[in-house]
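In what comes next, chain A is part of two complexes: it sits with chain B in the first one and with chain C in the second one.
Up next is the complex of A and B:
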């Protein structure tokens, strides 16, 4: 039953991907299809990043209403974009180039999380709620700072900034996609072996230690992996904020299990599928008048509520 | 044999445990008793390695536990904390399977499956095997968690107030199960318990603590005396010996409370 429904999800995702590639493409292999392939790759990578990072983060914090966005990664990203525009004006787009901007963003977010983790874990383990509180405060402080910077920009520059605040699959370039794919593959390899350990962490810190899990090491490893995934997805797509909440909870409801060997692949499939759907709608139905982020939240929210109603609140 | 040597725990200037040196006999059921804030749970959590001592040593069969690998320690000592609010969608069987994690790391072998069956049968939970843990009553849930701890097949079990919030029948069931673990399987059981009568009735050995120090430790007949308990709790006790054993009556002591 479970295996069958998993297979259904994957088949649907593959069908959607094929449809996305060829629908109204005129079989133009020179321009339309390569462009669509790049967008598809961005959706697959982004989907994996968002689903994995949200589900793992919810497990580590023991909380189903959080995403790693609460740790301030996206705030750092937006501050960087604002400062770049403030310092160099519209020239910054040319000076750094899309690739330069991508790599600077990834490195900055990795550096930010490295400093944050160093500081938070400097003397042994900290209460996870303290970590979240620090993350939330930093998010707000950096966000306020970003708004302050944006006050100093001209209307034209501000409209460029607005583009950075919304998730989009259209801006990824092949070079960035290759690097992202390598990073995501490395994370999957490093994390996949310890997925059963994440299952045990769901029982809580004390029970996990009692069952022989090196809790501190596992938490630090997975927070580091999450940092890489968030850095990749934010640099590639832009901020996704709390999209991960919908995706993670829909995955739990669909998988009817909390085992990470099941929920993570299901979550990845669901997010990739929904991204493709949303992108199709934006391109062919709404003619670019709405954004992917809005549609994703609408679809996921609706699906999650429907699953809740169907399983009588046991999602 | 678990031994603690000059164990201290301090938070800032407040000391919670002071110079605790105590032995827990192998293959026996030991109860930690004492008023709230005596340091019983702190001591138990340090033995479980959930808390680090400020000073002092804990020895398991003569070697210090501080540097043992978590995975190895989990094959020798299992801990059950007060079962927390539980919102995972797991069946009893799946929960008990977690007890095999130290051995299988998630991939269950036939030997693991046998251990899970045995633990479930030991507590007569067969009927609840496929029930969801979050839908069980408090007593049944505690039994399910105990089954997980039993499936861990360790020589030593540590339990933090396993009778908390249980009705009297489930409390008797749990205590009987712990007693059988000692008698039939030779395991060492150490538990924190507040009900002095349960402690007196089911233990081999009692460690009485107050204000972060051990007041008295020994066989039940040495510790469960009117003088010792009065000293420990500041209450007047009457101990009667009936056909079914010792009974401590403290429910309505004469005179004003100090």
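Up next is the complex of A and C:
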């Protein structure tokens, strides 16, 4: 039963991907389809990053409404982009180049996660909520600052900044895709072997330790992996805000299990599927009059809140 | 302590009247006419009044919301209220472009009230493991509301101007376009009148009902007061974060949660914080101005971080 529903999800996602590639393409293998392949690759990479980082993070923190995205990572990214546009204007694009911006963003977010990491472990690793509060305040402060920058820039510069502040798949260059794919593959290889350990950590810190897990080491390893994934997804796609919460919770519901060997692939499939659907809607229904980020926030956020209220869930 | 705060407030008021891009000849003032008198009555005094009232209104709003939701981290910015007001103004602008400021405010008011009711309903239905998760849900809810607004604004290509009028800014306040802010006065009076009831609401539904309070009516009244204040401030000056968060928490640390006693301190504190942020914003790049949304966001954020770091120790 479970295997059948898993297969259904994967078949749906593959069908969606094929549809996305060929729908109204005129079978133009020189321009349309390579472009779409690049976007599809960005979606798959981003989907894996978001699903993996959210589910692993929720396991480590034992909480179902936390994701790394709201711990301040995206605020740091947005601050960098606003500062670049404010300080150098549109020339920042020329000076850094798309790849330069990508690498600077990844490095910055890795640096932020190193700081976070030190804070999380200062008093025995029980500071998640404190870090969350700091992340929320940072998000609000930097949000105000970004608003100010957006007010000061000319409409032309604003539209460039808008490209960075809204999630989209169109801006990924082949070089970035290759680097991201390599990073994601490395993370998957490093993390896949210790997935059963994550299952044990899900039981709680004390239980995991008495079952013989080196809690501190495992948490460190996975936080580092999460940092790489968040950095890749944010600089590849832009901020996705609360999407991770929706993905993780839908994955738990669909998989009807909390074993990571099952929930992680399910989560990846769901997020890739949602990305393809949103991109299809943007391209063919709304005719580029909206963005993937707006649609995802609207539908995923609304759906998640409605389910929470309807089922009287625990947050 | 209270006397000190009052003195600080008066000093800040004085400084706020003294600085501005236009040099005033104070000797002219006694003739009650001329350039200096015009500057004072048309620009400086309206600005002072708007600043004070907004500061009072926002901090009182924060207190009411925190009592209703029973969470110290809730304010209009972390409960979807601001985003709902923004959405309301946007809807008013596109549906009825000629409706005028009052009409827009009514739209903002309606959206903000409805959104706050929904937020309270959601918070009451969900079980929270930690109090910090309440504002997470609130921010998520605000994210959904502002995604609705952005969806609309992106289609009409007004996203940048929307960001612009949402950032708190007092530089446009002159005689004739700020008077809506006086709506905050009756709101504060009403809050003071019902302060005891809000204190009881803060003890939870069971306790409030057994003390003979009509719980849902009081909650609805409180949310209505918040909605009026938020929509009036968003329409006249824009969004200012953290005032409703920092001041009530600082006051509660010293004076506890008895609203009828703490409300004057909260109001004075909110007004002083806004005045201070405004003075800094006016002096930083004199004779130009940094919008208060930015200075208040920065300073409020730093104050709040310091507060939680200190509590955490």
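Here, the second predicted complex is superposed on the first by the 258 of 315 C-alpha atoms of A that agree within 3 Å, B and C clash if a C-alpha of one lies under 4 Å from a C-alpha of the other, contacts with A are read in each partner's own complex, and residues count from 1 in each chain.
By definition in this document, a contact is a pair of C-beta atoms (placed from the backbone, for glycine too) under 8 Å apart; a residue touches a chain by one contact, two chains touch by 3 or more.
These numbers were taken from a predicted model, which means no experiment stands behind them.
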Touching partner for A:140 - first (chain B), second (chain C), both, neither: second
Chain touching more of chain A, residue-wise (chain B, chain C): C
Which superposed partner A:202 touches (first chain B, second chain C, both, neither): first
Touched partner set for A:304, first chain B, second chain C, both or neither: second
Chain B versus chain C as contact partner of A:33, first or second or both or neither: neither
Touched partner set for A:96, first chain B, second chain C, both or neither: neither
Partner chain in contact with A:151 - chain B first, chain C second, else both or neither: second
Touching partner for A:257 - first (chain B), second (chain C), both, neither: first
Contact residues common to both interfaces of chain A (with chain B and with chain C): 314
Sites on chain A touched by chain B in the complex: 195-197, 199-200, 202-207, 209-214, 256-258, 314
Chain A residues touching chain C - in the complex, by the definition given at the top: 63, 65-66, 70, 129-130, 132-134, 136-141, 143-145, 147-148, 150-151, 155, 158, 162, 241-242, 245, 286, 289-291, 294-295, 297-298, 301-302, 304-305, 308-309, 312-315
Residues of chain C defined as touching chain A within the complex: 73, 77-78, 121-122, 125-130, 132-133, 135-137, 139-141, 143-144, 147-148, 150-151, 154-155, 159-160, 163-164, 166-167, 241-242, 290-291, 293-294, 297-298, 301, 304-305, 308, 312
Chain B residues within the chain A interface of the complex: 48-50, 70-75, 78-81, 84, 88-90, 98-99, 101-102, 105-107, 152
